[in-house]
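These notes are about the structure you will find just below.
Labels A, B, C and D are assigned to the chains in the order they are written; within every chain, residues are numbered from 1.
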Amino acid sequence: MSARRHALRVLAGLAAAALGACHGRGSAPGRGALVFRHPKLFGDPQPLDRLIGAFERAHGVSVHRETLPASSDEQHLYYAIHLSAQTREFDLFALDTIWVAEFAEAGWLRDLTSLVAHTDERDLYEAPLASARWRGRRYALPWFLDAGLLFYRSDLLAAHGLAPPLTWNELRHAVRRVRANAPGLHGFVWQGKQYEGLVCNALEFLWSHGGDLGAATHAAAQGLGFMRELVAGRLSPPYVTTLTEEPSRVLFGRGRALFLRNWPYAWNLLAGAGSLVRGRVGVCALPGSAGHASAATLGGWHLGVNAFSRRPALAERLAAHLAGAPAQKALALAYGYSPPRRSLYADPELTAARPFLASLGSLLDAARPRPVSPNYVALSQVLQSEFSAVLCGLRSPETALAAIERARLALEVA
Amino acid sequence: MKSHGARLEAWALMSPALALLGTISAVPMLYVVWLSLGQRAMFRPPGFAGLDHYLRIATDERFWNALGNTLYFAAFSVALELALGLGIALLLQRAGRARALVYGAVLVPWAIPSVVSARMWEWMYHPEIGVLSYLLGQPVNWLGEPRLALHAAIAMDVWKSTPFVALLLLAGLQAIPRDLARAAAVDGAGAWTVFRRITLPLLAPVILVAAVFRTIDALRVFDAIYVLTGGGPANSTETLSIYAYRVLFQMLDFGYGSALAVVMLAITGIAALAYARLLRAQTG
Amino acid sequence: MKRLGTALGLAAVCAWSLAPFAWQLLTSVKPAAELEALPPLLPSALTFAHYQAIFDGHPFARLLLNSFAVSTFATLIALGLGSLAGFALAKLRPPGRSAALAAVVALSMLPPVATVSPLFLIIGAAGLRDTLAGLVLVYSGFALPLAVWLMAQFFRAVPDEIYIAARVDGCSAAGAFARVMLPLAVPGLVATGLLVFVFCWNEFLYALTLASSIDARTVPVGIALFAGIHEVPWGEIAAGSVVATAPLVLLAVAFQRRVLEGLTAGAVKG
Amino acid sequence: MAAIAFERIGKRFGRAVVADALSLEVADGEFFVFLGPSGCGKSTLLHIVAGIEPPDAGTLRIGGVDMRGVPPQRRDVAMVFQSYALYPHLDVSGNLAFPLRNRGLAGAALGAEVQRVAVALGLDELLEKRPGELSGGQRQRVALGRALIRRPVAFLMDEPLSNLDASLRLEIREEIKRVHQAHRVTTVYVTHDQEEAMALADRIAVLRAGRIVQCDAPEALYARPADSFVARFVGTPPMNLLPATALARHAAITAHLSGRDPATITVGLRPHDVQARIAGDGSSLQARIVLLEPAGGFSWVIAELDGARIKARLADGAHLAPGVSAELTFAADAAYFFDAASGRRLE
């Protein structure tokens, strides 16, 4: 018997050593360091590290930065798991605009109202502020701003003497005109796969037809009907139902489509070096419809402080530092991500370096947040499957909107 | 070794395994049933929910859609795998010198992680630059068209799991004494009659084992489809596992999610019992 | 004629089994530009940029190490406990053993999603969330039924007289297990070890839910979450897939006979 | 060495009764054989002595000590199996050394013991070979060596010869007898082959349905079988058993019946004791020849007498063919008389 017990003891020792080694060699932060977790920033990490370096020197504390798995769904799961277990593994983290109400209600976020000076209050765009507020208190600081935009092939439109479309009819008309001479060209590509991206796209169709969740359902039905018409009428390729941000951007970037709906990040790739459509792409607000203004869904990231952090005060100061105007200006210059501050859009240095970004000022101001509620993520599951069913022609807009309404009331989403 | 001492010794040797099995599968299984009777969702007061969740399942259209998808997926994939597997097994049985090479090739799909295989097929199913559309000569919306998506997932699973079935049936074929077929041939039976009268009946128990084994795996499929399509479009490829996972880990509704999991447990449990009884009948 | 037919049939089976993996291998060495469209089936020039990228951009080496550590330790634990239990069931034949075996088989049929939420809470309570140790514990528990079942089959194949001779020749039950039964069951241990290793290496659901941070993320989760927020690097995903599959394919082909024994032990010998 | 005592041992497997209040004493140094048809649980009796199976009831003593709860490894009993049960992963010297190594013996002392037994059994050239490379006979010698080497208090042998071919069986049988006479180790031997039993045993117990039908020296079993079962089981070819009515005409038989109803009596005649000749006139017992079976120096005759079959020896010089009727003669004291119902032998 002793031989076996000895073997097990050796095994246990080996296990601890190997796992320890993995963990040790991994990115375990030092004892007192602040841990900052955020999604993968597209581009060179140096600018962000310089900003953090400045904070470290100013406060004599080391900050440990970690990036998280890609998609918003996976990050939501990761944070939900760990915060529900009251983890202390990180102090500051970037969270999607749609999580703030849920995390605040669950008591996972520190109240940051005191951090937002009145000057900031007026300078920040209304939509990001709204999505960072829950029960009248501010639980996150807007960091980046995203909004749905329309990218178009300026050369092809010009060749047919067409101006960028202001309404969805104008867009449909433009597609027919251009496609007459380029049949292989897709008309309008956007994000139709069954995931959060589809909700952003569908809400834009809905809002731009004057509809909304829970109100003006007839207009809302028209909006969803138009979405279905895009596929049924072959304005969009049938496999738009598999496209997310990148596949649609790659498709447009290879000159396979006339119009693209995407987030501001796409501009850098489409206008950058090595892009097939460099210099032949324009961007404008998404089209509206007769009598209804254009609408763009608000996206982007806020900074929140982990309620169970061991060093909340320092974490709050780091948040204020990274979400302050100077830092946001530096990040806008480095990564082309749009800051949520009106003043920066008039900043001469920024307008010179990033003219495209400067032009977005008014567009971003009009962005509309998705319903702000702790149960939004749960409602989103219903939105995703209902919108997908309408897009695939398996369900009429009316039945889908009715199902959404039932879910909305059941989940008490305002 | 039935002496009293031996019986004690046997359970002593088995205790570490039973302890680990208890904590990792038995206790969680019971715990999930208990969770399913309680209200345990974010922002809802916890409390006893009794059978509310199960009543809600009965009227949950998304559940019935997921159940339909799962059963359809399981039935079709297992049927195809058995048919193809039998064909391949018969071929493998006659593989002469190249046996090692062929076995190696056939083992590759089995060895590939299902997540990797899902990414591979996702790339092959790409509508425009995917190799399958290229071979067909025109873009096909494999994963984007509700009617096609589930069949695309079935094709992937058939490719991945047929080797396992083929090897199982091959072992079954090899267990049949060779002189039976020879005797039948001597008695004037043609290849087809030998197959139908001798090989098939004797192979039936192994076919049954392979069928039940694959059915259980197919009923609980998650990885492959979650990565291939995520359950879309329009929930056309959402299986019970994926729906339960979404409710548990995206809606963070542990009560209802657990109830879904318990229903799944029941379905695979019935299949598992069939397997256990079938096994005991075989071992006698 | 029959020889030709069989040969053609076998060639078709090999092509059908290897083609998808071969295509992925090809994609992983195709220059990025040529991945954008499909007129060029074969790459004009081979490039290892994608392999380079996955080890620089993504912590892929770390994922491989995590997967290897988790699978190896879980396999060792499952083999250790599994062979003890398998031996007891096959040779000591305690009363109620067929019921115990049936229960073990039934447990192995559990749908992972059914036990993922309670395990999530249990592993959390044990403070093992987001650690490799947590995964090792879960995987060894989940691979155990397979290990117990297979080892029971392999021990049953050893004649009873040999076990009795060892006992009569002065060994206790454990002594007979260690000195005679285990050496004779080495082929079984190798077969079971391989199947359990592949089983652990391929697992995805638990790895996704119980260990999301980089410290404990395994290869399948890495592959699934591969696409960055803003790009779908098909070349890199292909490279990642090849690297993630290489160890398993090599193992399976190298130990082919053992794997076959393991795979079929369950069904045929009954 | 030690005596082995079975005291009211009871054991059953489901419906099959292996031992039914079985009591008997195997003397120290005795070569004791359990003889019975295959499948009557003889091996289980050995397992009970070895401690592998516990008896359902009764006590087993080895060297006077009650063996309840004593595990096999502490009973100092060696066992030889029908399937040899050699350790496939060890070579011959490994197999021979295994039991002593378990006792802590090692190094030169162990090597010497292995050499001693190997030479005694003619295995010294095979020490490095694996069991798989040996012939059946060699394997059985290694099994014998493994039992011998440890000088146990008793040998238990479970039909060790039945896997060997005919010629080898005799050779190994003599080996076992020589070993027993050389070392006088108490041996309990189990077989269904009565020839083996007769050749080896000091005493034989004939088993049937868990009960000892008769326990005696081989000659006694042959000469004074306790009942018709033992009579037919011991001795080859098996004894003829005929209803007394078939031999009513034979003077000696009718005299012996002395008034008892022939229908209740069965007569036993060993084939060796019956001669067959061409039927002369007025001979007392005539039977129709069915078959002739040459057996080397003489031939067996199978004849039909009043519906019952009987086997007899062809008298020297006699020429018979099937279909012919022959005269059967036997000495009066060669006949055995059994109670037809119980089979018990009648004096």
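Note that in this section a contact is a pair of C-beta atoms (placed from the backbone, for glycine too) under 8 Å apart; a residue touches a chain by one contact, two chains touch by 3 or more.
Remember, predicted model here, so these are calculated numbers, not experimental data.
Across A-B and C-D, the chain pair carrying more C-beta contacts is A-B.
Set against the C-alpha centre of chain A, every other chain centre is closer than that of D. The centroid of the Cα atoms in chain A and the matching centroid in chain B are 37 Å apart.
Separating the CA-averaged centres of chain B and chain D is a span of 57 Å.
Rounded to a whole number, the gap between the C-alpha centres of chain A and chain D is 91 angstrom. For chain B, residues touching at least two other chains, in rising order: 1-2, 128, 249. Of all residues in chain D, those that touch two or more other chains are 51-52, 71.
Touching of two or more other chains is recorded for residues 77, 81 of chain A. Of all residues in chain C, only 2, 6, 9-10, 13-14, 16-18, 20-21, 23-24, 27, 35-38, 41, 77, 80-82, 84-85, 87-89, 91-95, 97-98, 100, 102, 104-107, 109-119, 121-122, 137-138, 140-142, 144-145, 148, 167, 173-174, 177, 198, 201-202, 204-205, 209, 219-221, 223-224, 226, 234, 237-238, 240-241, 244-245, 248-249, 251-253, 256, 259-260, 263-264, 266-268, 270 touch chain B in the complex they form. Chain B contributes residues 42-43, 62, 127-128, 139, 141, 143-146, 230-236, 238, 246-247, 249-253 to its touches with chain A in the complex.
Across the interface of their complex, chain A is touched by residues 36-37, 62, 65-66, 69, 73, 76-77, 80, 84, 120, 124, 129-133, 136, 172, 174, 178, 208-209, 212-215, 217, 221, 225-232 of chain C. Contact residues on chain B toward chain C in their complex (touch as defined above): 1-2, 6-7, 9-11, 13-14, 16-18, 20-21, 23-29, 31-32, 35, 88, 91-92, 94-95, 98, 100-121, 123-124, 126, 128-131, 133-134, 159, 163-164, 167-168, 170-172, 175, 205-206, 209-210, 213, 216, 219-220, 222-223, 226-227, 240-241, 244-245, 248-249, 254, 257-258, 261-262, 264-265, 268-269, 271-273, 275-277, 279-280, 282-283. Chain A makes touch with chain C in their complex at residues 1, 3-4, 7-8, 11, 14-15, 18-19, 22-23, 26-28, 39-40, 42, 66, 68-71, 74, 77-78, 81-82, 85, 89, 244-247, 249-250, 254, 265, 269.
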